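The chains carry the letters A, B, C and D, assigned in the order they are written, with residues numbered from 1 in each.
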Amino acid sequence: MILVLKRGTKESGISNVVANIEKEGLQTHVSKGTEVTIVGVVGDKSRLDIDRLKASPYIDRVLSVTESYKLANKKFHPEPTSFAVKGTQIGPDNLTVMAGPCAVESEEGLLTIARAVKEAGATMLRGGAYKPRTSPYSFQGLEEEGLKYLKTASEETGLATICEVTSAHAVEAAVKYVDMLQIGARNMQNFELLKEVGKAPLPVLLKRGMAATIDEWLNAAEYIMSEGNPHIALCERGIRTFETSTRNTLDLAAVLVLKEHTHLPVIVDPSHATGVRDFVKPLSLAAVACGADGLMIEVHNNPECALSDGPQSLTFEQFEETMRDLAPYIALSGREQKA
Amino acid sequence: MILVLKRGTKESGISNVVANIEKEGLQTHVSKGTEVTIVGVVGDKSRLDIDRLKASPYIDRVLSVTESYKLANKKFHPEPTSFAVKGTQIGPDNLTVMAGPCAVESEEGLLTIARAVKEAGATMLRGGAYKPRTSPYSFQGLEEEGLKYLKTASEETGLATICEVTSAHAVEAAVKYVDMLQIGARNMQNFELLKEVGKAPLPVLLKRGMAATIDEWLNAAEYIMSEGNPHIALCERGIRTFETSTRNTLDLAAVLVLKEHTHLPVIVDPSHATGVRDFVKPLSLAAVACGADGLMIEVHNNPECALSDGPQSLTFEQFEETMRDLAPYIALSGREQKA
Amino acid sequence: MILVLKRGTKESGISNVVANIEKEGLQTHVSKGTEVTIVGVVGDKSRLDIDRLKASPYIDRVLSVTESYKLANKKFHPEPTSFAVKGTQIGPDNLTVMAGPCAVESEEGLLTIARAVKEAGATMLRGGAYKPRTSPYSFQGLEEEGLKYLKTASEETGLATICEVTSAHAVEAAVKYVDMLQIGARNMQNFELLKEVGKAPLPVLLKRGMAATIDEWLNAAEYIMSEGNPHIALCERGIRTFETSTRNTLDLAAVLVLKEHTHLPVIVDPSHATGVRDFVKPLSLAAVACGADGLMIEVHNNPECALSDGPQSLTFEQFEETMRDLAPYIALSGREQKA
Amino acid sequence: MILVLKRGTKESGISNVVANIEKEGLQTHVSKGTEVTIVGVVGDKSRLDIDRLKASPYIDRVLSVTESYKLANKKFHPEPTSFAVKGTQIGPDNLTVMAGPCAVESEEGLLTIARAVKEAGATMLRGGAYKPRTSPYSFQGLEEEGLKYLKTASEETGLATICEVTSAHAVEAAVKYVDMLQIGARNMQNFELLKEVGKAPLPVLLKRGMAATIDEWLNAAEYIMSEGNPHIALCERGIRTFETSTRNTLDLAAVLVLKEHTHLPVIVDPSHATGVRDFVKPLSLAAVACGADGLMIEVHNNPECALSDGPQSLTFEQFEETMRDLAPYIALSGREQKA
């Protein structure tokens, strides 16, 4: 950690800063420049409170050179994380494809979709039973009933399942029926919920918040991991920017930034990122080309009637075509795609 | 609602769209232009699912001309909302000043601050007992212990109190000790939590999410109100933009946009918006000048030692100066400032 | 065009709006809803001034359903544009690779780079002679001297050349030496400069402004085209967002949005978009995978010594590897890559 | 300047970095931490090229602790800048109000507006003769004819005048007719144009670019000043963010950030910032309350007929009311408002 002192800080101010740090058992290196003095801090910074330092009348800026997340940090865990979800593996050798409807709407509908995405090559079935919707008057999901349908679909097709959870209550229900939990973008910094899934016996897919920096995102993963759950995958789903021609702006470079800082697998969701059906295939190819560990794709048997997020769902034919066209890109990435 | 059909949509497509809408009991007006056909929809649109419409192969764009929030909507409730919190009033005739530490740290410290802000003219005492922190390793708040200190401080000074809640569990505890609940920016779309505070017997301050549009924000208020709680105030606390010279970008025009669309009172928080102590006073004056119903200001007896968000807290002297300088602006706004 | 009237507009207001439009020779369709009245406008809207309409006391919103750009519009020119630059072709069958240093620094240096990128498979040589730099004290380019070196490099290697122009004066010089002109992000809405290159006898690469919407970008292309120059390629180079872990946020979905709205070719610049050398190859693969017509890549013989934008330049070895790894992706895209 | 070396950099790497800096005549201070080594650089950094440093294989981050702008920097020029424009003063004791139409449309119209704004208390007359418009088919201004009308209006009313310039050619014409030049948001980084107005014999109002950081903005001012023109005022006119309920997001905190870093006066333009007539007055009050040196306000005799930017123009009555309501705020700010 580097402290840049305010211009004109006198010897007494420098001594005050140094003393405050050293009394926590850390060491300092003072460099006096012609314009500013900087204080390098060496030792276990977890004992320091950065905000307290920032409030010092002598300190202008506090520059962190180490990240606040540890368990999610590649530096302390250089090997890429890989874990099994039911029969399938998420991690560096496999290309995971999670497909299915935005919301679970009926048992028969879900089964039809599950069979189709399995047939086309998906490795997991996605489907929402608890839907966070902007308006309280929109369809909010079938809740536990929807979870049961996911279980049935999994039993019939063998696909592992994933479902978003939005409360401690939903976590409690979901662990009985599905194979992986999802934290949605709106709850990425719902820290109480992160702690709940951190205690759950299932892997977690953590979506990026709409305006979350990568550092905040990895700290959110750290919340889950620090409760004892090491099986986290991250999901890039677009960020909110000034550009409105797509629903969000898919930040594919984030995949590369993440691969530098963390060992956790990274999934890309082109359906939510763009909200445009025709963009899902080309951005799926792009995501695989730049190193994603998997894709999350919305598929619906009748997109016109989907109760939620219809415009971005692929038809079965479009999903089959996507999977077919993806095959050589998966091969080029040195991965396999297997349930 | 206006549906813009895709270019080249034939008569059969137009009929399909019209039939789908009319079967829900709504009326349509078709306008065929030289380039596009538009379908105006008249009637109770709450029966329509916009996403389903967007998924139609004939519809290019769905333009809403009415808002999805009703209870928060000025159109259906033109009078400005006003409500009492303990002895003080939030609403159009009063200028509310909520002041206090970011986090409650000790009973004695909180009492000292409470006395000082009361003396300087604050109408409410703020203080966090449940702190949503980016890193799991940062100070997370004193929880129920902190709530008790708030109650003690309220009993001693007569100030009404407000505290952020981050879970159903925290709501349950807080209602026993404080006078108003706060939903923080990170939880603005934690819909389960919104429903919880919607059932609570206390007014709620709803902070704007970091990347929330005003429409999403008012829909979040609608979640709370639709559970039966009409006493909501909104708090602008800065949005996340490309500009990093302040922590967030304070969007004062949002106060004016809100005043056009909703009857709910609007509070401005310049402390969190900027993260810079020296900017709190001038932006407080500006907020009052452009019509805010109140301010939320961080004050600390020893900002250098604050366990959370130190750099933006005012000292007692700075807060007194702010209140003194605010007085003529409050007078110009035609309000009073009274506990 | 659709006009949404203000709530409560009376018959007299509707008549006023209708009369104002019809006197310009356009037709109207009025739809009276229970909540709002809408007026559809049919005919040649170029006679209307949208801002004037917006200023009417009766009009709430003006919704454009047609774009203001015509020459750049795919609707009126469905075939993809293709044009030759010296020996090479930019357009749908070819994958253009423009490579070279950010700034031209010396004749010998440029020749060394030109030979290396030619050898590795680049189809064009890029190099800046007029550098728009944030600070007036940074290196601003060799100007005409740099243009001469580009001409020499082109003569020796046969590569077509491209150079940014920043003023009418630079355009005048550049047309004597290079094969294609570039408008940089900071000048995307420098309309006087757009008109200048619109009169120039060379194709133009138009980079996207840092905060430009796609609609503004295509209108900027329209400025050039309306002066008579039809040979425009667009270059996505990242937009400015809240995320700072890369210099800009590469918006690959923009390639797809552009392909829907325009016939002009689209180039992607992963070097400027990210500012990170290691991200250039994977994002180049991704850009080709999602349909870009070409790439612009910074390459330098000694990145450590580059006078401008060093951190993002590839070494010769990295560029060769990028080109080698790109080959199967180019093949999958159904294009060829040829000088 | 502080260089943070990459983790694991060996002695030989540290020596390489130190040697490269010391050979430019600068001094270094090396601090070896347990995790990283940092190198403080002392001396005249203008000899160093930051990009070249960033390209070193041993350097992870380069942290500037000094700004690249000098002439605009408050550190080297602590007194607030003040300068005369015709009879009026821009600077700390005066509250400047520049008012008038977005575009000059006719001589008679401009005279009518000039008389009205003078009567209401404006100190300067604004009006565009060269309009940068998104579409090439929109009204582009009367050019030199418009400048003449401004001169006539100035002669009749005594008001100083300001007009945007968009090219070297426009600068040449404008200096013959008006009293102050304006650089618009789209040209904030049109460095060639900045150099032109830097050589002009008139003061310059430099608007903030739509996505410009404050540092970039001050560097743009530096471009003008480094050509010899010290009379610059900065104009905050809103930045582009995700929020679309106003045209831009007015960043009033930018006024405060600027006041910390520069001695140049700061003007606020609430008309362009919001694009909403009803928000102009309250945000004008807010701007004055938080320390702005002046306002730029659009006023039109018949906003419905304005050829450009109608929706945000005030009527004469609205402008008079704004000026009347502003008076006590100006008094509170300790300024006078005088032509």
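We take it that a residue touches a chain if its C-beta (ideal position, glycine included) is under 8 Å from a C-beta of that chain, and two chains touch if they have at least 3 such contacts.
Given the structure is predicted, the values throughout are model-derived calculations rather than measurements.
Two copies of one sequence, subunit A and subunit D, touch each other mainly through matching residues, since over half of the numbers at the interface are common to both. With centres defined by CA atoms alone, the chain at the far end from subunit A is D. Here B-C and B-D are compared, and the pair linked by more C-beta contacts is B-D. Subunit C and subunit D have Cα centroids separated by 26 Å.
Here the CA centre of subunit B is 39 Å from the CA centre of subunit C. Centres computed as Cα averages put subunit B at a distance of 32 Å from subunit D. Shown for subunit C are the residues that touch two or more other chains, namely 211, 215, 240-242, 244. By the touch criterion stated above, subunit C contacts subunit B in their complex at residues 2, 4, 7, 29, 31-36, 38, 40-43, 60-61, 63, 65-66, 75, 211, 240-242, 244. Those residues of subunit D lying in contact with subunit C across their complex are 46, 49, 51-52, 54-57, 68-69, 132-139, 166-170, 186-187, 189-193, 209-211, 215-216, 219, 222-223, 226, 240, 303-311, 313. Those residues of subunit A whose C-beta lies close enough to touch subunit C in the complex are 211, 213-215, 239, 241-246, 249-257, 260, 273-274, 276, 278-279, 282-283, 285-291, 328-329, 332.
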